[in-house]
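The following blocks contain the structures, represented as structure tokens.
Next come two complexes, and both contain chain A; in the first it sits with chain B, in the second with chain C.
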Partner chain A sequence: MLSYVASKLLESLALIVGVLVLVFFLVRLTGDPVALMVPKDAPQEQRETFARMMGLDQPLPVQFAQYIADVARGDLGDSLRQRRPTLDIIRERLWPTVQLALGALAFAMTIAIPLGLAAGLNPDGWIDRIARTVGLAGQTIPNYWLGMLLIVFFAVELRWLPAFGRDTAASLVLPAVSLGFAGLGQLVRLTRSTVLDVRRSDYLRTARSKGVHATGLAWRHVLPNVAIPLISVLGIQFTYLLGGSVYIESVFAWPGLGTLLEGAIRDTDFPLVQAITVFIAFIAISVHLLTDLLYGWVDPRLRIA
Partner chain B sequence: MTHASGEASMAGRPKSRTENRLLHGLMRSPGGVVGLILVVLVASAAVFAPWIATHDPGQADFFAARTPPAWHPEGSLEHLLGTDQLGQDLFSRIVYGARVSLLVGVFGALSAVTLGVTLGLLAGWFEGWVDRIVSGFANLLLSIPYLVLVIVVATVLGRSLVNVILLFGITSSPVFIRFARGEVLRMKRLAFVEAAQALGATPVWVVPRHLLPNLAGPLATLATFEISAMIFYEAGLGFLGLSVPPEVPSWGNMLSLGRRFLTTHPWMAVFPGLAIAVTTLGINLLGDWLRDAIDPRARERG
Partner chain C sequence: MLKNGLLTMVASLLLAAHFAFAQEDVLVVTLSSDPTSLYMPRAADRTAGNASWSLYDTLVWLNEEGELVPQLATDWQISDDGLTYTFTLRQGVTFHNGEPFTADDVIATWEYGGDGSNDYPGYYTVATSVEAIDDFTVRITTAEPNAIFLTTMAKNWAIIPGDYMREVGIDAFAAAPVGTGPFQFVSRTPGERIVMEANPNYWDPALPYLDGVEYRVISDPSTRVAAIQTGAVHIANRLTPELAESLEGEDGVDVLTYLNDRVYYVAFKNIGAGVGTPLEDARVRQALNYGVDRFGIIEAIFSGYANPAPGFVVEGNLGYDEAAMAPFAYDPERARALLAEAGYPDGFDIQMGCPADGYVNINEVCQAVAQSLGAIGVNVDVDFQTTNTYWSEPQYAVTGPMFVDSWSSEVGEALPRLQGALIPGNYYTTWEDSELEALINQIDVTVDRDERAALYQEMHERMRNEPPFIYLYQPVIFEAVASNVQGYRPLAAEEYFLRSVRLAD
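Now for the complex of A and B:
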């Protein structure tokens, strides 16, 4: 187990360094990072002052060393427009995004897991047909569009729920549902297919031949084995939700990391864009690491490989 | 599908087994037929846009601005789906918008397949440091949430059709890298590949003759789903104002405009979104059918 944990930790560390390198060079890929951040009609001397201020006049290796040294000290740079540490700004916007992602995940799980289980236990029944439709709908309805439809219907027509902002607990409902819907579809499909796989397995045939009745089979033999693949998917889902929240936050004017990123792009605040990307990638890598470890703990076979 | 050989002898020309299986699958799968119809519909809209569209998509008509759809009491037959705030005809813009979506989807997926399969084959064949670099690249791209990656790369590249295609080609390549790499690693140890090598065949001979044909089926399925994902993400980028230039009629750009009038003139955002949903539905149904036809075992896994 110890070597498994160590190798996973090392892998994550390498990925984080990789993300830093990628983001650093991405901004400089166009050859002229100053042009990305300064208005096109700015005079030449202002450009030079700006480049000096940001250290962009230094040779690339020097810039990179400086960047890595800063990050190692927990400094992701200062925002161009707000003139304060990007990490402070990110910290203010982090909770709303996490709240939205957790809300979406909760919505998706409470519906998807029972639906997928019921569908898998009675394939080709009417519940199964509903589950398949939900699975397909989650795959094909764009979440940003769903968000707009929900606003038109529940906020404008019926006036049941607020359309924009994050003022009351009810404000979370529409964004969380729109964000969680795609995940709901994927989770239903996965739960259903896992149940089908488990039902075909040898140990289930043995249990059945021993005379265990249907309910006992479902609760004691099927359910625990469905839980394992779900763990890894929940990790992937969470990362996906972090990314998908950019659209949803934009639709609902939700004050999280997504709208922060959108605003930073509009203001060509590249240090902030860079910092948000690194930060979100860091969260995603950490969540991935956690699910890997959890997986290794639940399923001992993985520790060897 | 066991009687494929019998049918082949009856047909005028010998059909390959895959071809027969594909046709059979399509006949038996209502979803596949619906998917095919939807995809043909959208593709024809893209190809024959000038003949289908009722107006010039870029033609502004300020007297007809924000006309509701034809079935609305204030609507008119002149503008089937209504107009936007400039008076541009929504139906015509949606028809032309199919071009951007399909171009990005098809060419984006083609570039992702080309880049991904090439790198994956190299990694799987040579292993060692080549594999470490390629797999590292794939893992790195996969470690950043996809949408964030796409947004950041789009911001750096700028707004043009070619850049958007390039962007999706690169960011989606890890799926194909992983697939091709895994398959090569597996097949390298199979008897027929080892036999070819023992007879003196070089990788340049073995890879295209013995490996690629075996990858074609699953690759087609993967690529189909990737096309629908790219159409979804491209429209999302457009919605955020990061895809093709704003004057180009694209579904994402229409959504981006429409959202500003969402509470007063919802149809401006509803119809382009519907176009995206219908297109991805069609491609996904087609993909499901293709997957089942190529790998019948996958059918029940759904």
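Now for the complex of A and C:
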């Protein structure tokens, strides 16, 4: 188990370094940061002062080494526009995004898992047909489009729910549903196909031939074996929801990391863009690490491998 | 069962929802982005400036008619040499934190505003000294006569309490801003909202009419429309023409349109890539102005919602004269004749830079310009570049002999765009004309408004006969305003002030 944990930790560390390299050089590939940051009509001397202040007059490798050293100390730099540490800004906007991702995940799970189970246990029945349609819809409908549709219908026409913002619990419903819908599709399909696989397995055939009751089969033998792939998918889903909420947050004016990133890009606040990207990547890697460890704990076969 | 569960969930959440307005008259306004700061010297973008202005006053204010009127200064004198301004300050004014307003606060506003970490310290450092003669008299000196100094003050010098600023510093001040303005800061939730309440001790006892103002950050324009349709906000700004049209006939919502003080143009170069090209001949540059179908572009690309630009001095600007300043007609015959006269009967090939996606519909505009000019024999190769590249180098170094750009002004006159695009050495200057340069510099130091207006007219004539640009259009701004909002008058630079807005029952 120890070597399993160690190898996973090492893997995560390598990933983080990779992300840092990528982010650092990609941001610089998009253009001269000085031009991005000073006002359009700034005189040359202001541009030079600015470059010096930000260390942008140094050679790239020097800048990169400085950047890695700062990140290692937990310093992701200062926002250009807000002139304060990017981590402070990110901290203010983190909870709404986590809340939205949890809401979306809860919505997706509540519907997808029972639906997928029912579908897998009764393949080709009417529930299965619904499940397959939902699965397809979830994977194909763009979430921002769904979001706008829900706003027009439930907020503007019916006046049941607020169109935007984060004022009451009701504010969470439409964004969570829009964001969770894609995950719902994937979860339904995965649950359904896993149930089908398990049902075709040798151990289930043995159990059935021993005369175990159908309900007992589903609860004792199918569910635990469906849980394993689900855990890893839920982990991936959660990180996807965290990072993928940019559109949805913008459509619903949800004050999280997504709208923060959108604003940072529009304001060409490149230290902030860089910091948010690294931060989300860091969370995603941590969640994956956690999922891997949990996976190893649930499935003893992996600890030895 | 599943269906019942869903319904129960929705129903219980509905019970939790309550989004009716309180009894008080609180105006809710959308912001298209989260303000970078509520401290004016760091609130350079329009959104931040608009939210901030509810908190502050200036010494003199440029009102909706474009006149300078007293605010925290009751009176002012300008010395004969145009270098010294003496302001008499209003007495008995207090800041939101109770600090009394005196000459010292004007000095602090200038000192802190000029801090190098701010967006445009130059708006403050243009004054070389600010001295208190006594508690209620301030003398401000500029190094050179400056035509728009009072306007610059009116647009930027939000007066701050000196003692408070010196105690907490700029960062803490920006987090809890204090001014003498009609509204005072209550709270701010990043990315979400800014809440302000009426200043009960405002120096003009009649104002403000509202009990409070709430700004809501909504970056997506269609969501801003949904917000006003559901009655959650009173003013939804920055809409697209399509969204504004979708609101026609909507009960309780009026669509407001006004011209933006921004000119889109194609710049010519007589330096860099422009040297030795046909553009050096004024007849060619006139021909290109006659050859671009700006009216067709406005119809086809902006559904008619834009004005053809007559030049750099446009409607609402000082010196604008509708009768004397007509835009170039669309006259391809005349264009071809002028080209022939200049020795290009078969036209020529030329490259034109375009800031891809840099402005609303700009890619289509670039292509339409190229198509128009193609019809008079001028084959334009449109060089689309990402805006980062486009605006990163001095413009003369970036692309071909022509390039598309735009320039706004918020001071009610054309001076900033004239300086930005025609004074040699500036980043966006690609046309050098010593006569124009001399005129601009003269405008810059002419403090008298009438004299300045006459100079703008002279400027316009020269820029029409010897055009440094193809003048394209001036865009229209769309906002949606709830019908019960009264006294809301946004300015051409998308600025608005809420001190005299009220909500009817």
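Operating definition for what follows: the second predicted complex is superposed on the first by the 298 of 305 C-alpha atoms of A that agree within 3 Å, B and C clash if a C-alpha of one lies under 4 Å from a C-alpha of the other, contacts with A are read in each partner's own complex, and residues count from 1 in each chain.
Note that contacts are C-beta pairs under 8 Å (C-beta built on N, C-alpha and C of every residue); 3 or more make two chains touch, one makes a residue touch a chain.
Predicted model only: the values in this text are computed from it and were never measured.
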item: Fit or clash - chain C, chain B, common chain A; value: clash
item: Contacts of A:3 with chain B and chain C, given as first, second, both or neither; value: neither
item: First, second, both or neither for A:166, with chain B first and chain C second; value: second
item: Touching partner for A:243 - first (chain B), second (chain C), both, neither; value: first
item: Partner chain(s) touched by A:148 [first = chain B, second = chain C, both, neither]; value: both
item: Chain B versus chain C as contact partner of A:92, first or second or both or neither; value: second
item: Chain B versus chain C as contact partner of A:215, first or second or both or neither; value: neither
item: Partner chain(s) touched by A:83 [first = chain B, second = chain C, both, neither]; value: second
item: Among 127-135, 253-261 or 289-297 on chain B, the segment whose C-alpha atoms clash with chain C after superposition; value: 253-261
item: Contact residues common to both interfaces of chain A (with chain B and with chain C); value: 30, 36, 148, 151-152, 155-156, 163, 250-251, 262, 266
item: Of all residues in chain A, those that touch chain B in their complex; value: 14-15, 18-19, 22-23, 26-27, 29-30, 36, 123, 132, 135-136, 139-142, 144-145, 148-149, 151-152, 155-156, 163, 189, 192-193, 196-197, 239-240, 242-244, 246-247, 250-251, 261-262, 265-266, 273, 276-277, 280-281, 284-285, 288
item: Residue ranges of chain C in contact with chain A within the complex; value: 2, 5, 10, 13-14, 16-19, 33-34, 36-37, 42, 44-45, 116-117, 119-120, 171, 189-193, 216-220, 222-223, 226-227, 229-230, 232, 386, 388-389, 391-393, 420, 426-428
item: Contacting residues of chain A [partner chain C, same complex]; value: 30-32, 34-36, 39-42, 49, 81-84, 89, 92-93, 96, 110-111, 114-115, 148, 151-152, 155-156, 159-173, 250-253, 255-256, 259-260, 262-263, 266-267
item: Chain B to chain A touching residues, read off their complex; value: 136, 139-140, 143-149, 151-153, 155-156, 228, 232, 235-236, 239-242, 255, 258-259, 262-263, 266, 269-270, 273-274, 276-277, 280-281, 284-285, 300-302
